[in-house]
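For clarity, chains are labelled A, B, C, D and E in written order, and residue numbers in each chain start from 1.
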Amino acid sequence: MIKRLIDWLKQPLGLIAVGIALLAVFSFAAYGISLTQQPPEQPVQFPHQTHVAFGIQCLYCHPGAAKGPAAGIPSQAKCWACHNQIAKTETSLLLAPLKQAVLSGQPLEWVPVAQVPDFVQFNHRAHVAAGQNCENCHGDMSKVTIAENPQVFNMGFCLDCHKQVAGDDHEKLVKLVDCGTCHY
Amino acid sequence: MTDKFSRRDFLKLAGVGTATTAILTGCGPASRYVKREPYMLMPEYTYNGQSTYYATTCRECAAGCGLVVRTSQGRAIKTEGNANHPLNLGKTCARGQATLHGLYNPDRVTDPLQRKRGNVSAAKMDWDAAIQTVADAFKQYKPNEAAFLMGTSSDHLFDLVTDLCSRTGLNLPVRFGALSMFESRATLAKAAENLFGEAGLPFFDVGGAQVVFSFGANFLETWLSPVSYTRGFAGLREGQTKKRGSFIQFESRMSSTAGKADEWIPLQPGSEALVALAIGRLALEMRGGPLPRAFADIDPRTAAARSGIELETLERYAEMFVNSTGVLAIPGGAALGQTNGLAVAEAVLTLNAVADNFGKQGGVFFSPTAPGQEKYQRSASVKEMQDLVQKMTDGEIKVLFVHGVNPLFELPASLEFKKALDGVEQVISFSTFPDETALESDFVFPDHHGLESWGYQRVSTGSNQSALSGSQPVVSPFYNTRSTADVLIAAAQLAGGDFAKALPFKDEVEFLQEKVAPLLNEVDGYFSAPDINTFMASFQQYGGWWKNSDSRVIPNTADVFNRNLKAAEAEFAGEGEFFFMPFVSPTLAEAGANKPWLQELPDPTTTVMWNTWVEINPETAHELGLEDDDVVKIISEAGELEVPVYRYPAIRPDTIAIPFGQGHTAYGRYAEQRGVNPADLLGRHFNEAGDLAFAGMKVRIEKTGKKQPLSRLESIMGVYGVGLGEEH
Amino acid sequence: MADHKNHAGHAEEHFREKHLMLDPLPRGQMNDMVMESMHTTSWKFWVVFAILSAIVGYGLFYSWGTMIAEGLGIAGVNRPSYWGIFLVNTVFWIGISHAGTFISAILRVFKAEFRRPFTRAAELMTTFGLVQAGFSVFMHMGRVWLAYWLMPYANQRMLWPNLHSPLTWDLLAITTYLLSSTMYLFLPLIPDLAMARDRSTGWRKTFYKTLALGFRGTEGEWAHLRNAMNIFAFAIIPVMFSVHTIVSWDFAAATRPGWNSSIFGPYFVVGALHSGMGAVIMVLAVVRATMKHMKYFIRPEHFDAIAKLMLIISMAWAYFFFNDYMVQWYGGDKWTHQLLHFHEAGPLGWMWFAMLIFNIAIPWAVLWNQKWRSTPWIVFIVGFFINIGMWFERYIIVPISLSINRMPFTWRMYEPGVEIPLGIGTLAFFILLYMGASKLIPLIPVWEVEEGQMAHELKKFGRETVVSVSELE
Amino acid sequence: MADNISGNENSGSVSLLAVFPDLGPAADAIEKLRDLGLSDDQMNVISGIPATEAMLGRPNQWTNVPRLAAGGAVLGFFGGAFLTFVSPFLYPVPIQVGTQGIVPGPPTVVVLFELTMLGMLLSTFLGVFLDSYFPNYRPMEYVKEISDGKIAVFFICPGENCEKFTKAMTALGAEKVEAAEVFHL
Amino acid sequence: MIRPEEIKMSADESGKWGMVIDQDICTGCQACVAACAMENNISFVGEKDSGYGRSMHWIRIERFWEGEYPEVKMTPNQPMLCQQCGSATCEPVCPAFATVHSQAEQLNLQVYNRCVGTRYCANNCPYQVRSFNWRDYERPEPLSNQLNPDVTVRRRGVMEKCTFCIQRIHKAQDKAKSEGREVLDGEFTTACAQACPANAITFGRVDDPESLVSQLAKKRGHGIKHLEELGTLPNVTYFKGG
């Protein structure tokens, strides 16, 4: 029985079948991996590009980036400050969750998009102070609705930039590639 | 440190931080689908990921150290000392550090509860019903049928209750705490009154002294204000006077304070007064001149014989009095907790007169009274507690309100507080924790944790400056708890009549403002303000209000030498052959057992963690055939308990010692069923000042044949050589 | 074949009885005997197999799984004994593995003819022992799922392993040794697999055919094989020495009292051989007693020969032990003295004395007697004691010595926890693998035996008949 | 190469396998075959024991194993050298541990040694595979008696004269001489 | 890539951060231990494990006894923590480069995420100040609210040790940088030094002769460094006093 199956698989048709099966497995795996790279489901389909188009600066909503480690998500009060003056807020389906959250006093549960592992101590302030623009890491927000990660925040991404920034300054390089700069 | 104003609307913060969930995943892969809740309304001064620091007051003991609490995203992260605060100058003890484990303890009372006494399970109530219950209790009973039993902190609530009671005719609140019991504060105050004509807590300037004689005072552990006395000790050693000061401790067991002494004198328990007087007399004789009356009756030879100290040693100490400046003698601890405690306190205080150090650097002062305080108010002695217990037992008290104290644990079992509770119709506990007393109450209306609370605490000793330490919430309440002050105010309003008039406040903060308002007119303050709102803002920002200048009081010493001093020896109750020496665990104190990191802190002397032990001299243990970790039964006239042995090399062979702090039957998962409570062994014996003679017991030891390994940080092999094999 | 018998025609009868090499059987018959020994399986085998499988399942896999899930807390390791029985077992199994190489490589190089029938049996021990050593060392890692970080490859961040660390050398050395000993097991096995291929049917046929790789025995194949085996025999000896030396450096390179000793390398190597020879002789005794036809191949002369080696190695071990002890005793600092005293007089002092009795006193008392040496059950017991003694030696070196350091405040005894089922699991797994292999792999290298029999003859010098060996290669 | 001469591929010639009970006759047979005009690469000996070339009177077998071993050793050495001398400098700033040099002295020797040996032994092993064309599961000339200790002399007779060769072999003691059975190994 | 001669060897240097501990005034009160645990998210391990040498204290206070009763004396309390050796024996033995020398801060780093848990470093630490996460120690809710977000929470199988509160170093450096100045001496300190009621612990720059630690070391003069004879170049100086 098994022998016959093996023999059949050795036929050209069988080989094609094997090929198709393998292809299916690989594409399924690739799909699975790509799923993990999709931006997650958010409570509000927040259109970054619209806000950027209105000329709102990143730091207006994420002021922590210039001050300390976390950029932060704006408080609902901040959203509402503008939105309760905008007529569309009353009608837009997109904005219904915001309205509901503000009125009911329940916080919106955002899903973090840009994340580093817990064993990495990242400080926004130092990076902003060093002249890094938001889009260097987070991509161009005028082109996306929900924030996406243009790249995986892994150690290579960090180190490549650190090395480049340090250039020929050895002391700076030592500081910027020191394990203890990020891991403690 | 950044100083930030706290605001009332801070309490409305709904957002809890982002980092919690992320942090919980630890070193593992960051969970991708973490939820982050933003602030509903972010305070202007807050930035995400940045810490905000709030000044408040530590409520782990009554000393009133100033804290600066680091908060992040609405969570309290770390307590640090308030560097401006005159009591602790930026320092904390271990308990102050671990207060966060009380705040975020998994076993806190989360809601108002009604329970059948003794039942662990309880029904949740809402706060309206709770307030109604309190109001009903006010109205239902006659004023003298209600009693408040309160802890030693916080003072603002005590003031509020005092106001309530005095204006409505309720019984005045009684304050109690095991720490003040073991400190024999009543004795110290009484001795001061007898000697100086004024009751108050003496302040001993250890830092300015050159020689310190301590008669049992464990001032580096829990005594009065350990943080400030530790600073004083550092000053003694570092030599504010350019010379490393000496320190001699008389104590039958080497406490961790005695461990720092240059000389530890394990004198016969009960002979402290003799020794103090003998040293004084010898010194005065060396100095020449007439002998004052106080020292006339003592015979140094007898004293030496009775105390077991060589006469030469006493003479050597007497020489120190004669030859050194800045000699200081401190009475305290177990020396006062004996039947002759008052005599000891008076003798030792009088010894200071030989050094003539009153009101001088390195000498004895009166602690400054706190701002707005007329005179030192001490908490109840155990004798006074006994009176309360008697009234309860007799059914004179119908409703008992308990806050900030856990009498079922802290009072000696021989006082039979449990039985007394049976005579009370309604017991209402305001405990934050499901402690033993809360478990025996009909209602538990949980107060906020200290870090969630408003309030103030008077600094009663340890500081040169007159200080009122301020509390403010550093985080919004974590559970459905409510400030007891608010509950009482609301209940009083609900009860109406005298009650409503007695507490005519909107809430606790308004009460606080009224209380601190007189300070607006005080001069020499750390800050001043034109109006109450500005004042409160600064009060919160700086963590209290204190005077800038040294406001210690120089005692009136006119009659000190001319009194007749009794050099009585202590009497010991019970049949046993061992003196029994309970002492407060330096790391746990009376209320630390529920905090896991305090449990994990090794005891400074034995390095034991998570348990209770009995200290027995190795020689004695050898005679009794006891090894380390053997469980023995300790039997006193009042009770018995089983506890594992720690062969302690620095204790008199005729003395055994057990730390107080463990032995809870309730109080959360970290405290329950762990260790024993030595207070169970204490009988009802008092000294002349009404303090418990806790060190006045004699006990027996019986072997049980059981073993219970003690968890020690130290190596029993490396430190004691046990198990290393015989020497070559 | 008959010719050989004729050549030996004059030999004394007892020579043939005694020496396998002088008691030739036709190759075909020997092949059949070996095949039959593999095929004959009694119910007892399966009972033991099942019991061992259960022990492996619980002791090794379930316990290890639990430990991975819960952390090393369920083991007995603590401060200061950060390494416990895990490392004891690692060293022990690496020690066991030394016997195979010693017998098949060193004895091959020195043309010790008695090695021929049991080289395979010993080499199997090398490979399977190393598997257990691997298990033991991986078990002790806190995050074993990241163990691949130790491999010398650059990860995504171009992080290479730390080549300063003795553990990295260990990894390289053990990998080298495991690979090379497996290859060295396999090369001489090819002709025997071809033999088995020619004589089996069904799945066994497929199995042997696959493993035999198409070996026929042409001149070229033999020449390549011979060459390779020669290279291996020489090259694997330094690898073997280096492995246990490096294992000893895990300890000797540390700045710890009692460990930092330059004699540890050879001391460990000799110790490894000591336990390894003990284990070989135990295995041979069991194989001889339980498997069909093995009494023909494994004879008292072999036990005699191995036991002689054991005696010599025991003496060498005693020499190195004393050497280490003497130097530490004489020149050691106070911590070293404390440690030596602790070894002898501490709570586990009995272990130190047992070690000396098992490793020195018992072998010396028994193995001087040729009759006892030639009695399998006696040498089995001696081998058993040596292995216990050597395990004790490692226990003294690892957890007991770790108990004492330069910070007396941290001294503490070590009490094993889940290490015990794990350790028993590795032992059971070793036996299980061996039992399985004994049914799948020809335990006797028939071609080597035949080659030896061809080379041996009896020769008369005057009145005396002696065995003479021709060098065939 | 002699291993692979195959009658099937040389159409018109016949492969024969003469099975001898012992080395001596086999060596004689080879001598005889040579006398009969066969060259050394037209014959091969298949045996169950490693009979040396000298025993059979055959030219030395060429084997690449020692050379491959040496080559592998060199490769291994360079691998080790890469790890020890190069890999520490592949970081932006070399990682410092203790006060040991970035390239530590004695540990370098250890790593070099282990990787050299690993390279050598691996390549020796692979050398056997390469030189012997292992694994090889194609049908080959073989008789099972070989693993019973018989010596088979395998040769190619150039077609017409096979009778002559068979006779000669039988005369020298061949137990059987037959057209080489293609044996599915 | 840079050339080897550019690598600084800390043997020639005095280190950067250091500590001075005055054992004469250390009262053994454990405030430093508690402060350290709170600051650094150290797990508590419970009675059984803590009594079996598995407590996670990054700093422990050692005390011994001298003499026999009644002449017995407690030796000066000795806070023992990672000495941040200039030539640390823990570093070379880690096969995974999980414990390395920070060339920027001259500290011994323990990189938790690189640690595979061989525990060789702990064996080789002469001070025995490394603690290992033997289990995933439970931290029941809501205790985790107290966790310091600046410090990684360690899980089972990872070695950890005192970091000289490197998160505070970084914070101070970041603050100083944002204000365009150097970090001032005493601007920040470690959690243990901050809590110590006796001020027995002083932390600062040992390579700055003007800093308080350097001044103290100079003033007291006869400080000792533990196990200095092993060549570990520890950066913690002890004063026994008395």
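Please note the rule applied: contacts are C-beta pairs under 8 Å (C-beta built on N, C-alpha and C of every residue); 3 or more make two chains touch, one makes a residue touch a chain.
On a predicted model such as this, the values are computed, not experimentally measured, just so you know.
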Task: Identity of the most central chain, Cα criterion - done: E
Task: Chain pair with more C-beta contacts, A-E versus C-E - done: C-E
TODO: Using mean Cα positions as chain centres, tell me which chain lies farthest from subunit D.
DONE: B
Task: Greatest separation from subunit C - chain, by CA centre - done: B
Open item on the list: Measuring centre to centre with CA averages, how many angstrom lie between subunit B and subunit C?
Closed with: 66
TODO: Provide the C-alpha centroid distance between subunit B and subunit D, rounded to the nearest whole angstrom.
DONE: 89
Open item on the list: Rounded to a whole Å, what is the gap between the Cα centroids of subunit A and subunit D?
Closed with: 59
- [ ] Using mean C-alpha positions as chain centres, tell me how far subunit B is from subunit E in Å, no decimals.
- [x] 31
Task: Multi-chain contact residues (two or more partners), subunit B - done: 19, 23, 26-27, 49, 713-714, 719
Task: Multi-chain contact sites of subunit A, meaning residues that touch two or more partners - done: 69, 117-119, 159, 173-174, 178-179
Open item on the list: Can you pull out the residues of subunit D that are in contact with at least two other chains?
Closed with: 90-93, 95, 97-98, 100, 104
Open item on the list: Per the contact definition, I'd like the list of subunit B residues that touch subunit A in the complex.
Closed with: 14-15, 18-19, 22-23, 25-27, 29-30, 32-42, 47-50
TODO: Quick one: which bits of subunit E touch subunit A in the complex? Just the residue numbers, please.
DONE: 2, 6, 100, 102-105, 107, 109, 111-114, 149-153, 163, 166-167, 170, 174, 177-178
Task: Residues on subunit A engaged by subunit E in the complex (per definition of touch) - done: 69, 117-119, 121, 123, 125-126, 129, 170, 173-175, 178-181, 183-184
Open item on the list: Which stretch or stretches of subunit A touch subunit D in the complex?
Closed with: 159, 162-163, 166, 173-174, 177-179
TODO: Using the touch rule from the top, collect the residues of subunit A that touch subunit B in their complex.
DONE: 36, 40, 63-64, 67-78, 105, 107-112, 115-119, 124
